[in-house]
Amino acid sequence: MMHSEGKKVYKVLHEMRAAKPLIHNITNVVVTNFTANGLLAAGASPVMANAKEEAADMAAAADALVLNIGTLNQLQVESMLLAGAAANKKGIPVVLDPVGAGATAYRTDTARRLLKEIDISLIRGNAGEIAAVAGLESSTRGVDSGSSQSGTAETAERAYQALKLPVVVTGAVDAITDGKDMYRIHNGHSMMTRVTGSGCLLSSLIGSFLTVTDDVAYGAAAALGYYGVAAEKAGGFASMRGPGTFQVELLNALYHVGDMDIRQQLTLKKEALKGTYE
Amino acid sequence: MMHSEGKKVYKVLHEMRAAKPLIHNITNVVVTNFTANGLLAAGASPVMANAKEEAADMAAAADALVLNIGTLNQLQVESMLLAGAAANKKGIPVVLDPVGAGATAYRTDTARRLLKEIDISLIRGNAGEIAAVAGLESSTRGVDSGSSQSGTAETAERAYQALKLPVVVTGAVDAITDGKDMYRIHNGHSMMTRVTGSGCLLSSLIGSFLTVTDDVAYGAAAALGYYGVAAEKAGGFASMRGPGTFQVELLNALYHVGDMDIRQQLTLKKEALKGTYE
Amino acid sequence: MMHSEGKKVYKVLHEMRAAKPLIHNITNVVVTNFTANGLLAAGASPVMANAKEEAADMAAAADALVLNIGTLNQLQVESMLLAGAAANKKGIPVVLDPVGAGATAYRTDTARRLLKEIDISLIRGNAGEIAAVAGLESSTRGVDSGSSQSGTAETAERAYQALKLPVVVTGAVDAITDGKDMYRIHNGHSMMTRVTGSGCLLSSLIGSFLTVTDDVAYGAAAALGYYGVAAEKAGGFASMRGPGTFQVELLNALYHVGDMDIRQQLTLKKEALKGTYE
């Protein structure tokens, strides 16, 4: 079972690596370097361009656009809107990572404004962030916390109902839904919570996977499965050493993870939703 | 002797880790990632928010605010003033790191403006930076240099006299004073000078320690003791390898340093000042 | 042969380390940390200052200025022009890294504007970027790609003819020309392409080398030789591990590479140009 699912996930990874897609990231100043190195390690090609003078041109040259509101400012929001319009016009995937939504009104409002003005392909966050954007009851403290990890699937379902677009909620168990199917992924490593930008990098990796498949939810599930397997591999090397080593080994693992790793380690489950949201 | 002092320092570290305080950093673009990862490794929760639209809201949600002028611009200064006012209103600690003060008039003037308009809990810098802010005779070249390392205690004393707030001067021997007591710390590792942002991270760690103690100077001394012991531990692993490995091992050590490490390695000395500054 | 050339390259490195030059970088938000750590590992002293309020003051205090357009915005361009004027007035070297030129009109136009308004000592980029700035036929996709690696020397020659200033084109074989001599360097490691900012750091290292020699092309060739040897040393440790380890080991190697490493590994070739461009 796992082996055949792993084969499918690896196929998406393999196609992404072969395509070497150009991922335009408008992201926060904390994670730029780690995001770029993670995309390079995985086999994608990163570019960052924040200025309104070039945001649209860069998005038009890219294969996917990733918007991350982790260190927002007004100029960056303008660039996101310009880049989003160019990406929509070209028809490339646009991923939104609402970092810290719920922590301040500015972040929540900006995330909602981007969802309103841009055709977003998928939103990814922890349970607190997604709940805040979707207007569900919850709260975010800072940018790393979320609500209880057990409720990721429920949060994803309810957020889909409110937002009507594919949702990824990450936590101890990751949940992905597009209103038809629900994917749950048990891969990952606890040390991820000690590395800043591990969620931001995941959002960018999802962007890279969406360049090679039209099934948004499955593409995201494949990206999460790959990332979770890489984190486990990194954790095997690094858990006795600490988060410094883990960060290094995660980049190594993104580079090395292949067919066999995914077949052996992937724990991806798919189930149909009740269909009450369509 | 050392063992009992180490026990007290560890107690502050332990309480900080249990509290997992949210540290709001308005800092420079060179060190954002390393600062966030260092805080996560130590057990605190970092957040960065620079925009004036949310700086006050984020500070009001945080447990401490750290202001770092390493890559200043006018928008960031406005955000620092807004965040500082919110932090003061809430009564949380505010740490100022005057990176590069003395190197340009803009940095020196801005550091002084922040001290004037915000109720700062503590200032930390190298001897050159602190001397520049306090108007003592000295000079700063770039952001990494300072005056002679031997004079950290003297600089700290004189800066306290001028600024009337707790001062940390870091160097080969670190010195901390609040006008009553002088703490000196001999821990640390020479490789620190080859890792950018090692001082900036320290300022943020001090912010995290100040969330669990009202004795500002002692809280800072505990943070410096912990950081110095972690640096020595990292140096033990990394000194034959180089600064790349040292940076990784410093994060590992911040994660792992515990009771026994501190008891065995801490070299913290406390003495009363002459009392002429009160 | 190699041994005597290596001795000369090491002499420049040794003089740079002894001088510990202050390198003012106005650079992109992706590579700030890696650039600063790379300069520190090599033995130089980095500073970053982007604000127009202090850009000129910092350049006037520095030993070299490096301008990198990787995440341009209008405020940063203003600061670059102010810093460039101050650097020219003081007579220190100014290096331009036109990251992503050709990918958007804004980048190409800004690179050309900087070349017009500032007296640039040397430009460094991949073949696609240099061709775009010089108006040669080529194309850039994102910021990491370039045209065929074999044409670096030809691109360098043609760009020199168009721009009339020393040009470095990096690729599988690096090429440097000042219109009189052509240097080719075969050192380096394929893993460099998986670490973001490896080119940006090189541009800053060239800036540090130019502080101790008046022969711009030779100073750049020496910096590239040193960097390529360090990359090979890092690759020896890291190639089985991955790009995370490679990044760490590159910093270690920049710190440790010495006389013997360079004498044994350097593959620097010098030949006279035909002289038709003067």
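Residue numbering begins at 1 within each chain, and the chains themselves are lettered A, B and C in the order written.
Quick note on the criterion: a residue touches a chain if its C-beta (ideal position, glycine included) is under 8 Å from a C-beta of that chain, and two chains touch if they have at least 3 such contacts.
This one's a predicted model, so the numbers in the text were calculated from it and none came from an experiment.
Chemist: Regarding the chain A and chain B pair, does the interface count as same (over half of residue numbers shared) or different (under half shared)?
Modeler: Since fewer than half of the residue numbers are used by both chains, the interface counts as different.
Chemist: Turning chain A onto chain C with a C-alpha fit: angle in degrees, nearest 5?
Modeler: When the C-alpha atoms are superposed, chain A turns by 120 degrees onto chain C.
Chemist: So, what's the distance in Å between the C-alpha centres of chain B and chain A?
Modeler: Comparing mean C-alpha positions, chain B is 34 Å from chain A.
Chemist: Can you list every residue of chain C that touches 2 or more other chains, as numbers and ranges?
Modeler: Where chain C meets two or more other chains at a single residue, that happens at 29, 32-33, 247-248.
Chemist: What residues of chain C sit close enough to touch chain A in their complex?
Modeler: 28-34, 70-74, 100, 103-107, 141-145, 193-197, 241-245, 247-248
Chemist: Provide the residue numbers of chain A that touch chain C in the complex, in ascending order.
Modeler: The contact residues of chain A facing chain C are 22, 29, 32-33, 36-37, 40-41, 45-51, 53-54, 57-58, 61-62, 75, 247-256.
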